[in-house]
Each structure stands twice: as C-alpha cells, then as structure tokens.
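Chain nomenclature is as follows: A, B, C and D, assigned in order of appearance, with residue numbering initiated at 1 for each chain independently.
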Amino acid sequence: MQQEHRECIDMCYACAAACDHCAASCLNEQDIDMMRACIRLDTQCAAMCRLAAQFMALDSDYLSQACRLCVDLCKACAEECARHEHQHCQACAQACNACADACLKMAA
Amino acid sequence: MQQEHRECIDMCYACAAACDHCAASCLNEQDIDMMRACIRLDTQCAAMCRLAAQFMALDSDYLSQACRLCVDLCKACAEECARHEHQHCQACAQACNACADACLKMAA
Amino acid sequence: MQQEHRECIDMCYACAAACDHCAASCLNEQDIDMMRACIRLDTQCAAMCRLAAQFMALDSDYLSQACRLCVDLCKACAEECARHEHQHCQACAQACNACADACLKMAA
Amino acid sequence: MQQEHRECIDMCYACAAACDHCAASCLNEQDIDMMRACIRLDTQCAAMCRLAAQFMALDSDYLSQACRLCVDLCKACAEECARHEHQHCQACAQACNACADACLKMAA
C-alpha cells in the first residue's frame, strides 16, 4: 500500500472509532436533548470514514470522490462536536478535523 | 419514510445483493482471468449502495451526494457486467442500471 | 442465488432500513430521553443486518454464525422498539421480528 | 474509550485495511486462479473486522459475540493467506493473526 494511502486510512478509521464512541457516549449524557445533531452526524461520519478507508485500501478509481464526501461529513461533524464540552465530543472534533485534512489531500 | 426514499433504498439494497452475488460467482468461474474488473467493481458498488441506502434511511443531509457517487459506481459496474454472458453478470448489470436510475432521481 | 437466501437477504435489508429510519426518527422525538436504548440498538441492529445480508449474498461459510448473531440483535431491538408507541418504533419491531425469524431458519 | 477496547479496535481496522489491500492486489496477480479463496476470505474478513471495531467503539452488549466471529474469520483468512508468497498475503496473514489474538482476549 502506498504510504500516503496508509496514513489517510489510519486517519479515517481513527475518526470512525472516535465518532462511534462519541455517539455512544452522547446517548449516555444527561443533556441528551442537546446532543441530537451530534449523535446524528457521528453515525453518518463513522460510516463514511469506513467507506473512504475501504476505497483507499482497495485502491479504487473512486477514492477521490469518496474522500471528498468524507471531508464534508468530517467538517460538519467536527463543527458540531466542537460546540460541546464533553471530552468525547472534543476528542471527536479533533479526529474529524485531522481526517478532513488527510482526505482533502488525498482527494486532490 | 418517504415513498421515494423507500423505493430508492430498495433499489440500492437489491443492487448490493446482486453485486455481492456476482462477485462471489465470478470467483467460481473458470474464466476468472476475464472477471477481474467485474469482481473489483462489484465489491465497491455493493459497499457504496449500502452506504447510500443507509444515508437515505437516516434522511441524511448528505444523501444527494452519496446517491451521486452511487450513480457513478453503478454505471461503471453495469458497463463491466454487461460485457459478460454469465447469468449473474447480466442480472447484476440490470440491478446496477435500475439503481443508477433511482439514485439519479434522488440526487436531483 | 438460492431462493431461501434471497428472502432472508430481503428481510435483513428491510430490517436495516427500518432500524436506520427508527434511529433517525427517535433523534427527532420530544421524549428522546426515553429513546436512548432504542437508538443504541437500532444502530447496531442495522449494521448487523447489513453484514448478515452481505454474507448470505456472498454465500459465505460463516453465514450461519452471522445470522445467529443477527437473530440476537433483532430480538433485542424488537423488544425495545415494541415498548414505544411511535409508529417508526412499532414498524421497526415488526421488521426486526420478521428478520429474526428468517435468520433463525437460515442459521439452522 | 477503554484502553483494551482501543487496542483491539486498532487491530481490527489494521486487519480490515490489510485484507482489502490483499484482495485488490490478488485481483492484479498473474496467478489469480490460485487466489480465489484468498480474495473470498479477504472480503469477508474485512467486513467482519469493521463490524467488530464498530461494536467495540459503541461499547455494544454484543461485542464479545462479534469478536468471537471475527476470530473465526481472521484465523481462516490468516491460514489461507499464509499459503501464498505474495508480500500482501504474508502481511495480511500477520494482521489477521494479530487481530485474532486481540479479539480472542476481548471476547473472553
């Protein structure tokens, strides 16, 4: 696997794990009413990250397009997570931003 | 769920099943050397169809973009499958074309 | 594809769509505090159903085991959904029970 | 996320990436006739690893069962990959064995 692919795959899977963990943790928070958008985006972002990672590891002709869509999801999820002070939200925002950066380069 | 979403979800999942079945069947064909591109596209198309279906059922803000990428995968997979006379390839080409049509409307 | 496989695949994907729709709808309900377990199980059940369907379409040697785990998820999700009067929960409970039945036969 | 979960998630995603890469590389090998079982198992193992990782990050009640099934897939895939001298097969066998070990502990 090319080194650039490998790094972006790692970012995508790290982001998927952070999103899943954030969604599950939000579902346990007392202020769940505030976390609706966060849970919604976490779930979609995790799924998209897994697809982008799969397409990169498969060296797909469509990996640029998948990465571009992944950038959009990651940015939206990062923006929402950054609004919340929960540790899992802050960690997720960071993972999303890192993944968005990596996917943006990959999509270019 | 909206009726239009439901129909497109059904098309996506039918296409995913046809692609998976085609990939597995190609792996059993004597002329596997000819089926490389078919297996490759089947796998990617199935994964993309599942994601598009998930995004529609979740009523995601990103369903149009997911459907647009799904159209590209479905068209490429249909074109490749249509070249082969195996029954599973012909059936897959049909499912891919039907899914591409449905996703194109959904993406609009 | 064998007819029995095809029917069970359809049940799994119908269940995945119902679960995704239920999760997204729960996230919009006023009484979201009551829907935590429902959202949690919906997400996991949808993912498991997609994997079981994929394994069946691939005619995997591991489809029985995947279907068995799918039965457990579907039953748990059906039980939780049945407690709630929301239409999406009731529809999801029904889809989960139908999928559990189909997967149980497939796993045998 | 618990440290033990995090490590096993990393192993699962590393294994998924190795399996996807091995499948795609096998599809480019001249001796593709010998690689049928390898491609078949790679695809299933990658999908199972992604589900197990998702269930762990979600802290699912079903993560032990998912990890147990993941062990079976990883062992089968490792055994098949180990038979082939291609570098991607050897690397995949190693990733599968490491993932099987981690999932076995997690399932306990």
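Quick notes on this one:
Following the convention adopted for this analysis, contacts are C-beta pairs under 8 Å (C-beta built on N, C-alpha and C of every residue); 3 or more make two chains touch, one makes a residue touch a chain.
Computed from a prediction, not measured in an experiment: that's the story for all the values here.
The interface with the greater number of C-beta contacts, when A-C is set against C-D, is C-D. The interface of A-D is repeated, with over half of its contact pairs matching by residue number, by B-C among A-B, B-C or B-D. As a whole-number value, the distance joining the C-alpha centres of chain C and chain D reads 24 Å. Of all residues in chain C, those that touch two or more other chains are 23-24, 40, 43, 54, 58. Of all residues in chain A, only 40, 43-44, 47-48, 51, 54-55, 58, 60-62, 65-66, 69, 72-73, 76 touch chain B in the complex they form. Contact residues on chain D toward chain B in their complex (touch as defined above): 23-24, 27-28, 32-33, 36, 39-40, 43.
By the touch rule above, chain B contacts chain C in their complex via residues 1, 6, 9-10, 13, 16-18, 20-21, 23-24, 46, 50, 53-54, 57-59.
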